[in-house]
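Structures given as structure tokens follow.
Look for chain A in each of the two complexes below; its partner is chain B in the first and chain C in the second.
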Partner chain A sequence: MRALVVIERLADGVDELSLQALAFGRGLAGGPDVHALAVGEGGADLAPLLGAHGVSEVHVAEHEAFVSYAPPAVARAVVDLVERLSPGLVLAAGSDRGNEVLARAAAMVELPFAANCVDATTGDPLRVTRQRWGGSLLEEAELAGAPALLTVAPHVVAAAPVDGAEATVDTFTPTLSPDELAVRVVEHVRAEAAGVSLSDANVVVSGGRGTGSAEGFAVLEELAELLRGAVGCSRAVTMAGWRPHTDQVGQTGTKIAPDIYIACGISGATQHMAGCKGAKKILAINVDPEASIMASADYAVIGDLHEVVPAVSAEIRKARGT
Partner chain B sequence: MRVLVCVKRVPMTGGRIVLTEDAQEIDTAHLGFTISPHEECGIEEAARLIEAHGGESVVLTLGAAEAEEQLRDAMALGIDRALHLDSEGSEWDGQATAEAITNAIRAEEAASGTFDLVFFGNESADAGGFQVGIRVAHALGRPCVTGLKGIAVEGSGVRCEQEVPGGRDVYRIPFPAIVTVKEGLNLPHYPSVPAKLRAQRQPVDTATPARQEQRLRKLRLVVPESRGKRAEVLGEGPAAAERVVEVLREIGVA
Partner chain C sequence: MLAVSGWLFVRRTLLLTRLVRAGKPVERFSDMPARVRSEAVVVLAQKKLLQRLIPGLMHAFIFWGFLVLFPTILLAVAWVVAREPSLRSSSPLGWLERQGWYALLADVFVVLVLVGVATALLIRKVQRPARFQGSHRGEADLILALIAGVVTTLLLWHASLIAADLNPWPAGWSPVSNALSTLLRTGTIADVLERVFVWTHVLLILGFLAYLPHSKHLHIAVAAINVFFGRTRAGGRLEPLRFDAEEEAELRFGAGTVSDLTWKQALDAMSCTECGRCQDACPAWATGKALSPKLLVMGLRDQLFAEGPGVLAGAEATPLVPSAVTDEVVWDCVTCGACVQECPVSIEHIDHIVDLRRHLVMVDSRFPGEAEPMLRDVERASNPWGKPQAERAAWAEGLDLRVLKPGSRPPDLLYWVGCAGSFDERARDSVVATARLLRRAGFDLAILGPRESCTGDPARRMGNEYLFQTLAEQNIRTLDETGARTIVTSCPHCFNTLANEYPDFGGRYEVLHHTELLADLVRGGRLSPAAGEADITYHDSCYLARHNDVVAAPRELVARIGRPLEMAKSGKRTFCCGAGGAHMWMEERASPINEERVRQAAETGADTLAVACPFCTLMLDDGVRQSGRDLRVADVATLLDESVSRREAQVAASAS
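The block that comes next holds the complex of A and B.
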């Protein structure tokens, strides 16, 4: 079966999640007939890298609309290729942009779309297993119609180079209507650099309702600083206004993957665990030994975070002789 | 201005998801329900916009009869009026949901005028389809920006901000427009008791659209296997600190 995979580009290559989608798509296609779409100038430069990830042909959509992200224009490029190549499968990464572009393409061609799949089996209809509740629940479903449009949930398959030959390059100009040119990024506002970012931190020290107040985070900030980590929090905390939403770990907050997640006074609602399940280790500090977070934690300290956390900071200082 | 907010009733799942025996639904016998989180911010934003600019705000849901609870919650938070599309209990896929909402918007606009702005959540907390707002925008031929963390009315359109690595991307689109929003757009307020009481008396218009064929057809739900661990208890209270630091060292972070 022929697969078309929509690639998200970085300044210097291809986004890791797109390479994962390629690996997933190649497996599902069950053969070498894997095409990729890359939009914008310089897309042809990706031919060696995409070839090494199993792409036989890369289609480069060129248009002045692609100088910045223009989601309806990208979706139209997908639809143009669907009409020309008749793929059985159209895939993208289950990222913000991957989900957006495939949903737009699905609307244009009036087909169903399955977001964040973790598994799929070809057949008529195609059968998928997809994430609900940010991955806390899975759904098995049938996806009718052809081509099957789906995105691949992040980090369920690894990118897998195959030593393929350089992909051939096809350059084309999609036919864009004025409406499809009207929605595009017109400005980028840079974030102020503010220490270690939550999504990249190796250590995240996070607080829940158990912190009791905004002031209750002082001891967490102290520990995070000692470990050069970031401070996070649960949804209960942001809803109470104790911390900004940018600190929130969870299904509707930031998804993190630190070496260790230190969860202080956090009960472990599914909404929260969907955001921290990527952590390599979880240490739960909680007064309640029956808290549901204990089922997902590697380590636990039973006790009041207001006493335990300062004691840990003091122990680190003592060990460092500071 | 006229603003519509589309919301979904979802269960508050707590710590552990339990399914019904037929694995078709979450067992909600012991659960409360809420408005899907992204959409709570849509309600807050719509109420603020109408307070600032005047006009009318409307909330719409496709859901079971019980979803009237979430429509009244929205009215307690400042939304003027509610439309309930009764799904008669069953779950609808993204395409069928979008079609029913599109038809409802057309009917409502024919009677009361165009909505300058329609809010959706970027994705629902439960099904996570990432598509209903986009499909409605396409069907109505309106510009749509997704996943907003910032929005401001500028003349006869809106400036939209999306969070991306390293900062924010900005879009400008004219009215009438459709936006999908994310939690963090604003901090929703809690309703006052008088507002809650008032919302109980406000009208809810109900329609029962025909259920279309499901093209993303749910077969069953599966609770993923947990990590299957039992946490190693490092100690109780501050006395555990020494052992905690040992573990942090083993991991290589202290």
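The block that comes next holds the complex of A and C.
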């Protein structure tokens, strides 16, 4: 059976998940008839790498739309190839983008689509096992129609290089309607200049209702910057509109696991602690010695954060001689 | 005329009947005595309408008028056919029209109906309450005009009968018609007027009959049926989905399209009269959310009527969300049941919403992402915060409770603590107090410790019925193994699930809320509180008061330990704290419900806000902190424990 695999490119090669999808598709196709779609300029450069992963022919879609991510345009390129190559299978990685592109392509050709598959058996209809509920539930489903469209859940198969020759290259221009150019990435905006994301930071300096205002976070931002950490907050703060929801640590916000979590003016409601239980150490700064957070804190300073935090920053500066 | 009107009426009625009959099965034929009772109380006695006095009386006048005057419709038709009494004389109608007392009743109720219509117009045109926002107001005006027209022509017809000396009843019995007849006594013209009025009267009625089933006024025919088939068991119980159903028709995963609605849900949709009482009571609507229970039901009705005939003919139905109801609306609901409590025609809004959620969650995996950790932790860690189960009994250290192991002696009383009480610092105060009080009263109190797990309430209210049923089965196995028959709970959500929902899965226990048990003990003298000086306002938890009728017990306790002050919205008509329906684990848009409730509590001038639910404790305490008010939020059990300790200290002091 012929398989077509949609490739997600990185600046210098191919996304690991796409290589996994290739391995999955190759196994399912049961033969060497594996095609790949790479969009955008320079796609032809991938021919040796893709060949080494078992691709016989790489189709490079060229269009000015492909300078950035443009999901309907990619989906149209997929549909163009489906019409031209009549593959039995169309696959992509079960990434956000892979799922989006195939969902759109499936809608265009009016066929069902199975996302996040962990296993598949050929036949008519094709049988798939796929992840639901973020992986806590497995669903067995039948996929009717040709081609069968599916994405491969991340890390269920390993990428498997083969002794393949370089893939041949076919360049084409998809026929894009104006509608299909409407959705595309026009600008990248980095969240917060600090550059350390809340979920990855080794140090998180977080503020609660005790900060008193949006301005009250200035001292926390200063300390976070000194420690190359990120600033977080509690739900009370987002409810009050002092910080965006993306900064919220907790059950319904971001779950974090830093080396140290510095919780300033946070009472430590269960819903908040559920978000920072992965922290290796917790330092609580709070005027209230009875606050719930004291039960979970490894270290505590009983005092007003507006005095304590600047004093800590000053000490760090002094120690560093800046 | 009769034929045309009758045909229009019958054709529409047949379609509506087919739509209802095509609904999915739901058990609503048991508890017949309770059904007859609610028909008498809710329909005949207009109990739910009279929850609001003036609009209630307005409606009752028109409704009772309709019942009393119904025979006059048949009489008018008979008179149109022929004036000769021979046609009627042999039937009960002929007897009735000769009765003076009936003529008097007719006169009185014609006036009452007109008073009702006038009041309705005053409400709609002068008072203009917000609850009509989004309703079909023009349609309502037309219906009121038709009702006024029908009874006015009836009155004029009766008057003209007297004027033409055709009245079969003694004229003196009907003072209004009689007085009016003097104006019509102008020679033979009265004879002609009689014909004009009876014809106009009958034509108006026929017009009404044809229009009725095509309008929102359909409730005249459907509401009584809907009330009859309303839920008879506790309001907090959700209808279980049968994943093991053998018949394909019985297998459903909530409601994705109109074809998935149960027949009761279809009836619900047809019963709505757009009165907006639900919308007025809804905490989500009151705080600027997208949800209005009225618009929700109207949306479902419109899609049912638009797609229903096609579906009956074999067409595919389209998804209800987001065309009839948006995703936002589905997730705004706190399942507090204020709408269900208010609805005069027994529409069960919560069942609609939960069925929509079930389909979104179980079939589409579509729900607010922030709630996913809760569902995952309930499944993996048996509690919504992912706390280690081993720490579940940590709060009970030093309280001398028995932690039941497999094979332990069955306890007199099992304390089902709940996740919040077990793990949350603020909620713990109440469970520690409850345990202390029950030990003081001499109970052999046992807990399950690490073997207790979430009852599944938040998962079920989120629509994850599958996860709920898994937990229910597991908990029932554990409970049955301990041999416990009587369970006391602190959390109204656990209480509702254990008492009302577990029986559907084979778990039958006597379940008490701690306020009920503690009130009993205080009444029996086993606990003696000291009278206190605090001004206490008690906030009813929806799952305790509205869904389970526990209203008096907590108030009894409050009255013994302080000075009670009532909020405007209390008892079964309480206002949610904002946590229900799994909202404890979702983010809230627009203005917060908890702050609104705290504002209402502060209005009473109380210094203490008493609660009886751990989630109310957390939400309202947060609301107090957010709004910076000077109010102490504490569970009734905590307050009672303090009071009993104070009294003990007083007794000890006076003894020494």
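The working rule: the second predicted complex is superposed on the first by the 190 of 322 C-alpha atoms of A that agree within 3 Å, B and C clash if a C-alpha of one lies under 4 Å from a C-alpha of the other, contacts with A are read in each partner's own complex, and residues count from 1 in each chain.
One rule holds in what follows: a contact is a pair of C-beta atoms (placed from the backbone, for glycine too) under 8 Å apart; a residue touches a chain by one contact, two chains touch by 3 or more.
Since the model is a prediction, treat every value here as computed from it, not as a measurement.
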Touching partner for A:295 - first (chain B), second (chain C), both, neither: both
First, second, both or neither for A:245, with chain B first and chain C second: both
When both partners are placed on the shared chain, which of chain B and chain C touches more of chain A: B
Touching partner for A:184 - first (chain B), second (chain C), both, neither: first
Chain B versus chain C as contact partner of A:236, first or second or both or neither: second
Which of chain B and chain C A:132 touches, first, second, both or neither: both
Which superposed partner A:253 touches (first chain B, second chain C, both, neither): both
Which superposed partner A:270 touches (first chain B, second chain C, both, neither): both
Partner chain(s) touched by A:209 [first = chain B, second = chain C, both, neither]: second
Partner chain(s) touched by A:67 [first = chain B, second = chain C, both, neither]: neither
Doubly contacted chain A residues - partners chain C and chain B: 132-134, 136, 238-239, 245, 251-253, 268-271, 292, 295
Residues on chain A engaged by chain B in the complex (per definition of touch): 69, 71, 96, 99-100, 103-104, 106-108, 110-116, 125, 127, 129-145, 151, 179, 182-191, 202-203, 226-227, 229, 235, 238-239, 241, 245-246, 248, 251-253, 259-260, 267-271, 280-281, 283-284, 289, 291-304, 307-308, 310-312, 314-316, 319
Sites on chain B touched by chain A in the complex: 13-17, 26, 37-38, 93-95, 98, 123, 125-131, 134-135, 137-139, 141, 143-147, 161-162, 164, 166-174, 182-184, 187-188, 215-224, 226-227, 229-242, 244-245, 247-248, 251-254
Parts of chain A lying in touch with chain C, wherever the complex brings them together: 132-134, 136, 209, 236, 238-240, 245, 251-253, 255, 268-271, 273-274, 277, 292, 295
Contacting residues of chain C [partner chain A, same complex]: 365, 370-377, 379-380, 384-387, 420, 423-426, 584-588, 592, 618, 622, 625-626
